[in-house]
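The following blocks contain the structures, represented as structure tokens.
First chain A sits with chain B, and in the next complex the same chain sits with chain C.
Coming up: the complex of A and B.
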């Protein structure tokens, strides 16, 4: 008898009891999967269906789970609304500049943490990391006062400065990881060739870290795109981004235009999902690897 | 700040200017980030906590020192209520997503066709913006036309529509349900990464010894993922303890203040009551509480690890 046969014979799964047990486990797995899938996808289905159901069918009770008529009117309504376009423009401006600024600031900081040893390095790294743990609702109160003092309320700058800072912990960490992976010999060789630290970083290191820069930028973009509380409080009506903008436009005490709100919600979610699909390669690998090792 | 760099110790310094330029360069690297973090995180944090000791308002300038008056007022009037409610939201929004995330991670860790796409699809609730998640659940819970009431009534499980978000006995549960939907995918991803570190040979060996699924989970799987699981629970706890967006949009802390947490209370105190002293005092109590809970958690998990190692020996 070969070793393989012995293994197969000894394995619990080949005995009748084992097979029955395995069958039960399989069933358990499938049932779990179906229940969680229902919980996950039913709300998404409802988001989609509501956005394409005519008003007459939406505001009827009990609701029709499978609409007899579909319409794209709500999407036309959202895209034709000049106010929404204003919020969209604000969101794009704020998120794009936040992304660029975050990448610039965090690439310098990440490089310093990765390749330099200096007094206070450890404590500074802990400070950067822990800064995302402080309650933002609390920071908001004073930020409001500070921005008011400098006349920055209702400006893009107030939002960009806040969002950039809040993305730093994660962006610095991501980029530090990228720089860590680049060998020190590279720097050494450039130095021997007579390049100064400025040139070494900008013409040798930076091009190699490009994928990391893109990943960090996308992350920062999503952070700016998704924020609600800061955009609501620090930006006035004409500088507000989409999340608070949608609340202003669609939700009122009297009535809420649910189908249009669902259509708008879907449109707001698209850029984030696209960004994630592009990010996936870096994010899931990078973040979870760090977490598992740590 | 001195700058002996990792590489400069090996390379000969060329010229007296070299170390100085390295130091200047290091300062240049760190300065923007440090300035931003100090201006946007450190200063506002200290300033908010300091205003706990002053009578200060958004409506008029100036501040009067009042000592512990604000803090004592918070401890007397808000502490019990807000702490209970914050903990209910935090624990509920950590436990349920963890259970679902773990179950799903275990299922998706098996090999079957289409599993990679399914993993991606399960991430959607976590990907869409928090405000959109709030809108969606607001619509599902809607008292007049909500699909939840519709389904429950057609199944005969309810006689009349329920205003889920506006009743004191259902609002908390509804909020936790929506938050659970939003946060389990992240936990699933993290735990899946942890599950990937479990060697399959160990499972096979345990199965050969006749260990059932449950035994194998606790003897083989759990020890490998407990590190990630602990981190996930800690981070979820900290985030939920400070969560604002969904509570603000879905219930605004209502009805009758039953879903208010420290996060919404600080916001209300500052931007509705204009009372910065009260907001600062709430924030101070909030931070102290969070620090204590985190220290206790870390201490407990370290102790658990030690005793487990002791038992293994």
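Coming up: the complex of A and C.
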């Protein structure tokens, strides 16, 4: 933009017509934001309302936005069910270890892809990503048979390996983008100071890549936390995580206990929400790092 | 930094990995032998019992108590394996296919062919004899001439009506023909309810098959499908007419129909006896149970036999460790009079032996007794269930019927297309 253009724009925005236009734009933005907010929060609101509505009123027709009667029985039902806490424990174990493992493996892979040049580098990178293209059902059957051969079915390890397998490709690409954004001069300077490759990576690069590691870890954590079908198939009854556990507890052949299911869903989403709120500043930077080059 | 791996190395290791996967896969998919009777009468052995009921609050205590009672009488451990109903068949199939499951398993009557086709189910013919099972129950457990399943509860899917709403509308609860039935629906529309919460969503549009049979289409004849014939087209056209006239509603599946019925928003829907408790649980009307009654499906012309599709649960035995004791458990669970009557008293699911059906407990339950007389009496298995790909066939028809309902296709074209898909799946 030239100085002349900038002056013309500034002048236009201070005229009555410009002010009216800015006002319209601002109103448009507010209305759009309100619509998006309603769209986003409506399901959560409905989740909450259903969870505090007595069973007999859940399907009342016509539905009302605010329940005429409120009950906390469904929360008591969920909190009084020891099986739910077992599923919660399994989810935490599996998701946390998946996140740690994914970050540890993908930070080395991402760094290697970003900063080293070797034969087949690009092919290998795309090969890693191509595993995301397979239908999950196909992978599930294959993993089931392999785990059965190794006696890994009904163990945490089966879930951790399978979840890590899915999260790795995106974590690797995410972290590669992050490492790409770090200048090579840093590595060169550390090398001149006498640091070896191991020291350079752990003492210089990793602290700078912390937001990227957090973003990749959160992504892997959520993937493990939300999975239904792999946990249902590979975990067995003792190691089942929350999604299949909740379905098992509240959905039956002839009916679904919607209010209790909603109460349980709301309660178990709290840890993930808290994690996101605490780490969201890292998340935004981590995901977009390296997205635009130049 | 230098790279140790060349492209050739990568390809080599990838090939080794793929080969290993294929070997494991083949090992898991090895073909099984022909069905054999389980070795009953030998030393009791621990076994597993697969059951979706074990994950359902209402049924779990009763089923667990039965497992415990049998286990302690034989001094063995009966371990439960459970998955939600909607995922149960896929999970059990995977476990059986992968050699991870042996023992007894609960099975929906519709799933027998899919599981029997794996070749790992035991022949239970010898255990079915002399136990007083009804012939309908025994028939439901047979596939390809072999008794693979023992019947645990057998009923049918029929029309369930709200007597109060029918009385209010002056509609007949015993319509003989489709015309009389339609008159009743129009009267019900007059009192401001959805007259008939028939399935219009793909998930349960398989209900249309029984109406096709009512119009005279056998669905399968001499190993070929008749979907696309005049009767099936007339059934689809009739369904479309009900839809256009507001006598049935859009976007209804079984769960929605139960909810509408529970709220008094509809007077009629299709269900099995198992659905009654689900309806009552979500109804604000504490007296709804007394108003619920079953209704024989109307026929095309007077004198025809009402068409109903069988519904129920079987117990099958998967070959392997503990199969003999599991077979004895299956027999005891499904035919011991004390056990079957107590199961009925706890869950209201119709038993499968003549003795249990004649018991005071069953006779005193008017809803189940009437359902048995009016609906189950003429119920037959779906002609599609003999094909392991029956679910795909049902989906093909459901999608085409939906296309008819929303006006995307004519009944004739849609049924021909559905018939063609079914033919492809039969081959």
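Remarks
By definition in this document, the second predicted complex is superposed on the first by the 213 of 294 C-alpha atoms of A that agree within 3 Å, B and C clash if a C-alpha of one lies under 4 Å from a C-alpha of the other, contacts with A are read in each partner's own complex, and residues count from 1 in each chain.
The working rule: a residue touches a chain if its C-beta (ideal position, glycine included) is under 8 Å from a C-beta of that chain, and two chains touch if they have at least 3 such contacts.
Remember, predicted model here, so these are calculated numbers, not experimental data.
Legend: residue contacts after superposition of the two complexes on their common chain; A:153 is shown touching chain C, with no touch to chain B.
Shared-chain residue A:119: touches chain B and chain C both.
In the superposition on chain A, contact of A:233 is made with both chain B and chain C. Comparing chain C and chain B on the residues of chain A they touch gives the larger count to B.
Once both structures are placed on chain A, chain A residues 58-61, 112, 116, 118-120, 124, 127, 141-142, 144-146, 197, 233, 244, 247, 251 are touched by chain B and, in the other complex, by chain C. On the side of chain A, the complex with chain B involves touching residues 7, 10-13, 21, 25, 29, 32-33, 36-37, 39-41, 43-44, 46-47, 50, 58-63, 65, 104-106, 108-109, 111-112, 115-120, 124, 127-128, 131, 133-146, 161-162, 164-166, 168, 172, 184, 187-188, 191-192, 196-198, 201, 225-226, 228-229, 233, 243-244, 246-247, 251, 258, 261-262, 265, 268-269, 272-273, 276, 280, 284, 288-289, 291-292, 294. Across the complex, chain A is touched by residues 1-7, 10-11, 21-22, 25-26, 28-30, 32-34, 36-37, 39-45, 47-49, 51, 58, 100, 103-104, 107, 110, 118, 120-125, 127-132, 135-137, 139-140, 142, 144-147, 149-151, 153-154, 161, 181, 185, 189-190, 192-194, 196-197, 204, 207-208, 210, 212-213, 227-228, 231, 238, 242, 244-245, 248-249, 262-264, 266-267, 270-271, 276, 279-280, 283, 286-287, 290 of chain B. In the complex of the two chains, the chain C residues touching chain A come out as 1-3, 5-7, 10, 21, 24-25, 27-29, 52-53, 55-59, 80-87, 91, 94, 98-100, 255, 258-259, 262-263, 265, 274-275, 277-278, 281-284.
Residue ranges on chain A touching chain C, taken from their complex, read 55-61, 112, 116, 118-121, 123-124, 127, 141-142, 144-146, 148-149, 153, 197, 232-233, 237, 244, 247-249, 251-257.
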